[in-house]
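As structure tokens, here come the structures.
Next, two complexes with subunit A in common: one pairs it with subunit B, the other with subunit C.
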Partner chain A sequence: MAAEKHSMSMSKKKTIVNTVSYIVLGLISVIWILPFVFLLLKSFDIGNTGVTKNFIPSAWGFDNYAYLFSSDCNFLQWYFNTFIIALFVCVIQTVMQFMMAYTLSRFRFKLRKPLMNIMLVLGMFPGFLTMIVLYQILKTIGLTGDNAVPGLILVYVASSGMGYYVIKGFLDTLPKSLDEAALVDGANRMQIFIKVIIPLCKPILIYTVLTSFMGPWGDFVFAYTVSLGSQAGMNVAAGLNSWLSPANIGSHFTHFCAGGVIVAIPVMILFLFLQKYYVEGVTGGAVKG
Partner chain B sequence: MAQLTDLEYLKLNKAQRFGLKFTAFFKAIPGWFKNLGIKIWTFMKNFFWGVVNFFKNLGLTFWHGDWKTKVSYFVMGFGSVMRGQWLRGILFFLFEVVFILYMVLFGGKFLGQLYILGQNESSMGDDGTIKYGDNSFDILLYGVLSLFFIVALIYTWYLNVKQNKIGEDYVKAKKQLATAKDDVRALVDKDFYKTLLALPTLGILIFTVLPIFFMILVAFTNYDKSHFPPQNLFGWVGFDNFGLLFQWSNSEGASFSMTFGQILLWTLVWAFFATFTNYFLGMLVAMLINKKGIKLKKLWRTVLVFSIAIPQFISILFVSNMFQYPDGIINGILSTLSGGKLLIDFWGNAWIARITVIVINVWIGVPYLMLVVTGILMNIPADLYESANIDGASPWQQYSKITLPYMLFITGPYLLTSFTGNMNNFNVIYLLTGGGPKVQEYYGNAGKTDLLITWLFSLAVNDTNYKLAAVIGIMVFIVVAVLSLVIYNIIPSTRNEEEFQ
Partner chain C sequence: MARVVLKDVKKIYPGNVEVVHKFNLDIKDKEFIVFVGPSGCGKSTTLRMVAGLEEISAGTVEIDGEVVNDLQPKDRHISMVFQNYALYPHLTVYENMAFPLRLDKKVRVVDGKEQKGYTNDQIYERVTSAAKVLGITQYLTRKPKALSGGQRQRVAIGRAMVKDCKVFLMDEPLSNLDAKLRNQMRAEIILLRKRINTTFIYVTHDQTEAMTLGDRIVCLKDGYIMQVGSPSELFDMPANLFVAQFIGAPMMNTAECELLKEGAKYYVNPFGHKLVVDGDKAKALKDRGIESRKIILGVRPEHIQLAKKGSANSIPVEILVNEMMGSEYHLHVQTEDGTKLVVRIPTINLSEEERKEMVMGSKINIVFEGKAMHFFDPENERNLLVDEIYGPEAMQLELEAEAKAKANAEANEVPEEPAKEEVKAEEPIEEPKEDIAEK
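Moving on, here comes the complex of A and B:
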């Protein structure tokens, strides 16, 4: 009898704890989702194009979206630019990082440790420090302004070898006996890399492609500097950001919101589909990094 | 003090243990310096003998070498070609030709002026056209590039000599030298790493190392708005810019040193709060979701991950405008709730802005931390909790004695990188506040929420004050490097990388 009572109070306590947990989780979810709901609502606001106190639009309509696709603005051009950049960057960056990571994980050569240390030290310099010089280098080879797209691709991928850590962490967990077995079977190192190692790297490969595809969508500082305000060379982030300057925000804030929704949707869908791999990469990187 | 045994140590109370550790720490300091001294001494000794041997070998190789080797000292790759290793030989020779062409046609004139960064000012001609003189920027950039080239040449030249020596020894011993075919084969097999590394390292060299070298040098020049090429020249000023950091009194307006000190302090405070609020709240959320008996785990997680998927510049810029005064959504809600009485100028007041930034950063960072922590939480052996339960440990005890120590041990390095990452967290600060509220008493239009990195950016982009931007960049590097070095030596979880394989 007593034991039964005890378990009763236990389960009661459990219910209370669980209820509180659900309330907290619900609250958290609301806080994390609400800004995006506001963003979505605001993108349908055709009553006031500036920043407003009310999140419910005073008048509803698709005008903001229509504006994005009209000839009045260059949104489509920016979107296309960003897509091209992201496509190239995700392919080249993944290849470069794999080359670096595989080398540092599998080969032992004299300059290996120094190389890793140098890259570690280089990583401690703030990134913007080099922006002025990179801009000048790009200008010299004519890849600024209207030609900013190839210039941006070049800058994004050129130093990407330095971001090898997550992949190397993954490769380090693959047993070396795999390599040795293939070596005994007469494969050379290149064949081992391409035919043995790469196929085993699917999760981390998807993670790398995903993150490097998403990177260019968010960069506005460098994209803005390199494109010099040229509409033909700007990416989506720099373009949308320019709508929020004090002079433009009154007439363009809702356009920004609509543009934000259009940018977010494909990236989000991609992300939610590949969530599993992203989570694996993030946790792996944090533990081994 | 004699070394205590484990048992004796365990008998001590907490204060005594602390005292023991405290004294041990200070007692160890002379030892550190001694070790450091020994290390430096051995390094110097090795370095000196290395240099001596290097030149001795070069001389001996030349002296004892045959005529092919001797010619190779001047025409790179000659010996290799003559001994049948034509691929290497031609590559050596090509490099020499490229180097000479580069120096004669392009690099030489910049290198020659590197010591003064140009002498001829640009001038306005009689007909109103500008006649450009020397361009200090180009001189510095291509001068540094030429120096890189020279280092590369010396290294290649040394390789070339070494190859000759090996070639000669092989021929003497009647051994087969590696042919061009062997060379190619090695590049996909034994030396495959050279093939793989070529492109990434070249990219890093040109797009990271060269610019960083350049900017470090800019910190020693007067490159700013009034010394802006191609209209004006800039030149070397030694340590003057760094001197500004220690110049406390400044008669005319805001001082650089004071601003730097204040911003550095806020950067550290920000990094501390941004890292640890995210860490603990992220851990809390992760534990809540992973708790036994909570359903729909996947849904809760997806809701949070959702906010990572949206590019930061959209979400942060929108949130920044939500907190706008007086027209933002948050103020709209506040005034509705309070009947129009309560409006908060979130970005206008220094302390409110700082707190708001940290709070919003929680919103940005927690989902990410939640993912990181979830993975690690699942790795904690469940039997630890079971036995703790049997022993009657409360949830708090379980957390502070099992979960937290485990987490701190595993995520030590991650905490360090996220601390330094937050010091350089440009996106959050720049998109939320732009560094504001701007104040008069700060130098260079800096604001109360500016981090060193955002200040660097606005100095460089808005004021074209490159010299001070470079100084700040170097200081950021020094702070990050020192912090990393110290913390990395303290935390226990820096592991041996070979352990995994």
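Moving on, here comes the complex of A and C:
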């Protein structure tokens, strides 16, 4: 009897704890998701293009989206700029990070430890500390304003080797004897890297591709500084921001919301497409286990 | 198919840690050589230096007459099987085995035609025939993770088999398998060896594997060669106490005692008993003119028998622990003076009554013959009946010889006579060096 009583009180306790947890979590979710819902709803609001207090649009329609793709709007230009930047950075950064991680994971050379320490310390400084200097350098070589796209690619790619940590952590878990077996089988280092290591790194490769695409895709601070008001050089974040200036906000706020929704689409597609690889582990059966 | 010669090979890790000291070994063509020793003895490091996975700090490694020190592993014509299989998890068994063939882009003449690498048909033929030999044909389409440990190791061996190699290296290939499978695979490696018929270097810490597989065994300790010889040489005539205790299971019993020469006869006096040394061992002692001295007496557990109470040379002991192994008892016993021994007694010859006696605390009598005795020098632990010197001592002698030779060369410029004397003095010391290289 006593045991039964005890178990009943245990399950009751559990129910209470669960209920409270779910209420708290639910509240947090609502707070988190509300801005997105507001953005989405606003993008369909054709009653008023400025900032309004009503949550539900007074009139529904696709006019805001139509405006983005019309010829008197620079949105497509910004979007294209962002896409080019993100694509280049994604490819170059992934390659560089993998090569860096493989080198630091597999080779032993004299300055390996100092190099890793230096990068760790450098990585602790926020990137925008160097913004003014970078701007000056880019200006000197003519990669600001209208030419901001290559300039931005350069900025994002330049320090990409420093983001090797996560990949190195993953590579360190792959047995070294795989490399050695491949060496004996007749592969050179490049072949080992491409034919053995990369296929085993699928989950971490996906992660790297995603993060290195997302970084420049959503960046505002650097893009804003380097493009410096040039419509041709802006990325989508800097461009959309220009619609929020006091002069524009009244006529462009709903356009801004529609633009925000469109910006989110490729990232969502990318993530949906890659996530099934993301969770899939592929190292089973390499060595004893 | 190739001779492998290691000359004065050293491995020095950063911080001046020398883990392999002047390793000299001549491996004959098609020989199956086993490196055996406890962990940290440098056996794997030496193998990896032959493979090219570890840099050679000093000395040379020759494969088929060519010094390979600076060659990449792929250019050394070797195949290797790793302890943890090292299969490529993203490839099927077939692709795992085809991997070395696909990478091989050497130009070779096939049917009178020059050809770069292998064609798909040739790869198919090689892989399937290797799979057939190893009995893994039905698994060719599977990924490694869908295989058991034994099957994975077969695939690893298969991958090493498919390409033409001069030396087949195996780094503890059976250590990850369970005991039953290990026995089975050991037998298969013996068969495989007959089929492949090439030079094998096999590394293991398991003396049973070493004994059953090797044509010759190289027993290592702390980076020194402790003995090189056939399995029976190592078992019957261990050069030193280390080899004596490493080879054979359970390990050899030892007792410090005296060797007594009385007239023409030799005696030993372990555990307060005076035992006569007879047979070949007595003759060998006599031939060497060995006088009375302190020794460490060694007797293998399997060479000790049960004796009747009061019979000649019998030693009364008390059983401390009895391990029943099925076919035999491993008795841990204690003599009257407190020395602990291990005795292996086959159960098949024991009567029911005798078996009942084999319990903890009961007193029995044991006996061993003169031919089962091994005599070691308590100071340098060398076998009194073996001439070859191994281990740190051999290297010391070698270094001294080298120093003398160097001094000689310098002295050659001054008057000749003293130099000649030194050459004479050097000769007997050179002997051990040759033993290591040739034996």
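By definition in this document, the second predicted complex is superposed on the first by the 241 of 289 C-alpha atoms of A that agree within 3 Å, B and C clash if a C-alpha of one lies under 4 Å from a C-alpha of the other, contacts with A are read in each partner's own complex, and residues count from 1 in each chain.
Keep this in mind: a contact is a pair of C-beta atoms (placed from the backbone, for glycine too) under 8 Å apart; a residue touches a chain by one contact, two chains touch by 3 or more.
None of these values were measured; they are calculated from a predicted model.
Asker: According to the stated criteria, A:Phe109 is in contact with first (subunit B), second (subunit C), both, or neither; which is it?
Answerer: Only subunit B is touched by A:Phe109; subunit C is not.
Asker: May I ask you to decide whether A:Leu25 touches subunit B, subunit C, both, or neither, giving the answer as first, second, both or neither?
Answerer: So A:Leu25 only meets subunit B here.
Asker: So, A:Val196: does it touch subunit B (first), subunit C (second), both, or neither?
Answerer: second
Asker: Pick one for A:Pro175: touches subunit B only (first), subunit C only (second), both, or neither.
Answerer: Both partners, subunit B and subunit C.
Asker: Looking at A:Val184, would you say it contacts subunit B, subunit C, both, or neither? Reply first, second, both or neither.
Answerer: A:Val184 sits against subunit C, while subunit B stays out of touch.
Asker: Of the two partners subunit B and subunit C, indicate the one touching more residues belonging to subunit A.
Answerer: B
Asker: Would you tell me the residues on subunit A in contact with subunit B in one complex that are also in contact with subunit C in the other?
Answerer: Dual-contact residues (subunit A): 175, 188, 282-284, 286-289.
Asker: Write out the stretch or stretches of subunit C touching subunit A in their complex.
Answerer: 51-53, 72-74, 78-80, 82-90, 99-100, 103-104, 143-147, 149, 152, 159, 163, 176
Asker: Which positions of subunit A touch subunit C when the two form their complex?
Answerer: Subunit A reaches subunit C through residues 175, 177-178, 180-188, 191, 196, 199-200, 282-289.
Asker: Quick check: in the complex, which residue numbers of subunit B touch subunit A?
Answerer: Those in contact with subunit A are residues 137, 141, 185, 188-190, 192-193, 195-197, 199-201, 203-204, 206-212, 214-215, 285, 288-289, 291, 293-294, 300, 302-315, 317-319, 321-322, 324, 326-329, 331-332, 335, 363, 367-368, 371-372, 374-376, 410-411, 413-414, 417, 420, 424, 426-427, 430, 452-453, 456-457, 460-461, 466, 469-470, 473, 476-477, 480-481, 484, 497, 500-501.
Asker: Flag every residue of subunit A that touches subunit B in the complex, lowest number first.
Answerer: Residues in contact with subunit B: 14, 18, 21-22, 24-25, 28-29, 31-33, 35-36, 38-39, 42, 50-55, 96, 99-100, 102-103, 107, 109, 115, 119, 121-122, 124-134, 136-137, 154-155, 157-162, 172-173, 175-176, 188-190, 193, 214, 217-218, 220-221, 225, 237, 240-241, 244, 249, 253, 256-257, 260, 263-264, 267-268, 271-272, 275, 278-279, 282-284, 286-289.
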